[in-house]
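Mind having a look at this structure? Questions to follow.
For clarity, chains are labelled A, B, C and D in written order, and residue numbers in each chain start from 1.
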């Protein structure tokens, strides 16, 4: 009962290379993308291009979706011509988008009514990880479905953890963004204090990264932030989308997250200046603006 | 001109083991502590006990101070019977306390008038690092003094970086506390959102620690925070002392640090409940209190 | 061309007494409410009860809507059987709900396509003002429609200001909630500092209310907050709904509002404890919780 | 036992006109100022100029001090040649400066040891109120001293309230600054949201000032802020000095004040741009900077 036929819906910056890795791993791949042109490289490499998400699902034992927002997932999975119209009972739908946990649970429930299993499986690691097949994947859903899907997931990711029931994958992804956002603020405030005190921030990064205040962000994005290299990486606009999901999810359970709320307001500063497509390390610029350093 | 005679003033949780390491490294050690009893183990191991900071300095080519606050450093270095009264021209004073950069610069300047060199050399790594001799040391002062002192510093620390002119060591230490404080908040908000969403925080830590949102705090203190183990490590009261220094130093250059200001207010919650001697990972309790989880 | 026939949709805590005032002012009133029973007192007093929003609009020269959220307004105005299906060209729709400015503009635009004029006219003053006919009304729309509607609005409000084009009424209402929320926080922090410093907050309110730090909230809700009287007034749950609209609207134009974001997080504390139906002055309890005063 | 001989130490923007009002009210006035020239107008009007604070106190039944900071009060009252060296047992010292409650209590205690009574009596109302003799005065101390001093206080203030024991006057003044600071933020966020949403803020102020979100700040400083008139009033630098006292006093009792902490960080933005001598309504500029509106 090894899965051979795999579908992929959403061939963007993340989904494109993920689908390519599945093809390279030998799966029979059927794909669909809203903008059809993006499917061409995969077609050239041997993938079938379907006419709708439903057709993808009909052709696949396991169908991935990897789109932007909650509404997009609802459209391609539950909408007219969506995955739900084509997926056979016993097949699996794996959503790799970052969306509201509540939407993920709704997708699970509606697919379950048709006998279709689902996993919410948001990823971390960026386009670099998507290309390299080294994504971290946080998976929500039942254990049996996780075990069935695991061999396929290994074609696209490295750290693959079953974190809990339906929606839990999205919750953990949102926790990841909470921690990442505040670690970025930590980096930015440390750099701002350092600079304004007349001390070379590169020296500061060298010591601080090595100790108890170290973080991935400080180590990897700190030097870029100090050098004024704001190429993404992960874009401010996407972080803001995710922090919006974070605060909405937190509001559902009335969980105060004052730090995350603050981080979101600081990223607004960058979006207000048309810098939403900068990498998130540009938060150092928000702190510099606070301190009157730039305009 | 190798330094052989070393002094140590301030034999607390950090200073005690640091002095012991110097003794073990073969230095002729003279010590002083406000509470004399704390000098006894070192005396038993071969250190001389002096009657005042001035006497320590008179007997030493290099004198360490390791006390709590800016006022303490001023007292033992610049006050009556202080280091400045005994230190010979050409000798070196190394202050390992975490204090205001402005005070550090004042100490440098007043010692310089007597021909005494100084380094501000706050440390990171806790009592564990102090005992193991693996502290990170952030050193401010001139390059020549740093080079002369370096062999001695190697007896107590592992990552030893000359970060800039007088006061720069303290600046970098404060940056370290900024980053550490916000990384702790990152950990606490991620755990709070996870728990309140019904997902096992241990699973979350496993994935998130491994990726771009990972940090030393998340990896090392996250599991303790989840387990309800609030033993220090680094105490809330000391973090609050340091965040006070951070905000004062930032105010001098009018550097807004809204995240650090918020972290300080959240630690007030713990101090208000008499939990100032808990480890800083107890910040998860502040977040739990916000969410109405405990009283 | 004086308006005589008026409709009212949404007969809740606010809408019920507003409709009653219109009836008392001599207008021929047609009403509709989702829960029909709420229309009975008005029917007894002479109002006609219609079977749908469309029927209300068909019978009226000017139709009020006064419901809870953006989705409710869309449903009763633009949905099937909605106002838009019954309203005659040249008639006016006045929405008194507090909703997203973007939704208000959408309602204006779709009604305009049918030749129906619209005003967004959110109100302030609470159920007390609704009963007394003394509401403040912030009106967005074109000047001519405002002038035509003004005599009718005078039956329900006292301070009636045309603040700008479609959506402007909602914008001003959201500004009102921003200011009100932060004035509440001002009150709460002043009371908390006063109490914790051992000083009688009633004395503090007496002096502070009279001077440059005075506000309506401090003067009217301060004494209730000090006395532990948390009866609404305006409920925490509704303030949170409105602060959600505020932050969404601010995000559209990328306008950082760090204070409002903080206020929202503090009100989460009360909602987390099941106190969403308390009056907003209960924010003093959030500050007391921060300070460890209660559980 | 009516008090006739009054002293005044500290003849600045506030103290100068307060002393003039005492002279105009018929009191025999002795004055001292660090910069002697400031005493000349009062000397010309009939005041005696003393050579030290001690001489002022020796000549007076009641001595006012009105200086800038805690250290200044300690110097002129408790320092060499200070009030304490000249004040007769049974005389009264009234400090109108805004200082730390802890310092006020220390002054009370040390004067009491010499049999000298004290009141901490910070004022509100600005230079306008000082000139007009209409200040609000928040008085801490014992009731008997308050009653004895009251007739004299009436020469300089209008709302004069005995708020509690020694230090309570300062506590209430700090509460006043907490409320004032957050009311200013309320004003600034409301104006920022209004402007960015394309609505005329003058219209917004008109409606909002009249209702439950109204405040003295919104009504009196709102129009100036909208007009770009940043003349003080009360300067940003002084507000920051007072917010520093607020957060220090709050830290003593571990009282979290997250809103006040945020306000302080936003005023840092103005100080960082050299605008510390603007009026506090310039906080609208901080919000405009956050939103990328100006540089």
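Rule of thumb we're sticking to: a residue touches a chain if its C-beta (ideal position, glycine included) is under 8 Å from a C-beta of that chain, and two chains touch if they have at least 3 such contacts.
The model shown is predicted, which means the values in this text are computed figures rather than measured ones.
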Partner chains that chain A and chain D have in common: B, C
Distance-maximising chain from chain C - centres being C-alpha averages: B
Distance from chain C to chain B - Cα centre to Cα centre, in angstrom: 53
Chain A-chain C separation of Cα centroids, rounded to whole Å: 38
Contacts with two or more other chains, residues of chain A listed in rising order: 250, 253-258, 262, 265-266, 268-269, 272, 290-292
Footprint of chain C on chain B - complex, ascending: 258, 265, 268-269, 272-273, 289-292, 295
Chain B contact footprint on chain D (complex, rising order): 240, 244, 250-251, 253-258, 261-262, 264-266, 268-269, 271-272
Complex contact set, residues of chain A against chain B: 101, 124-126, 136, 138, 159, 161-164, 167-168, 171-172, 174-183, 185-187, 189-194, 196-200, 203-204, 206-208, 210-218, 220, 234, 246, 249-250, 253-260, 262-263, 266, 287, 290-292
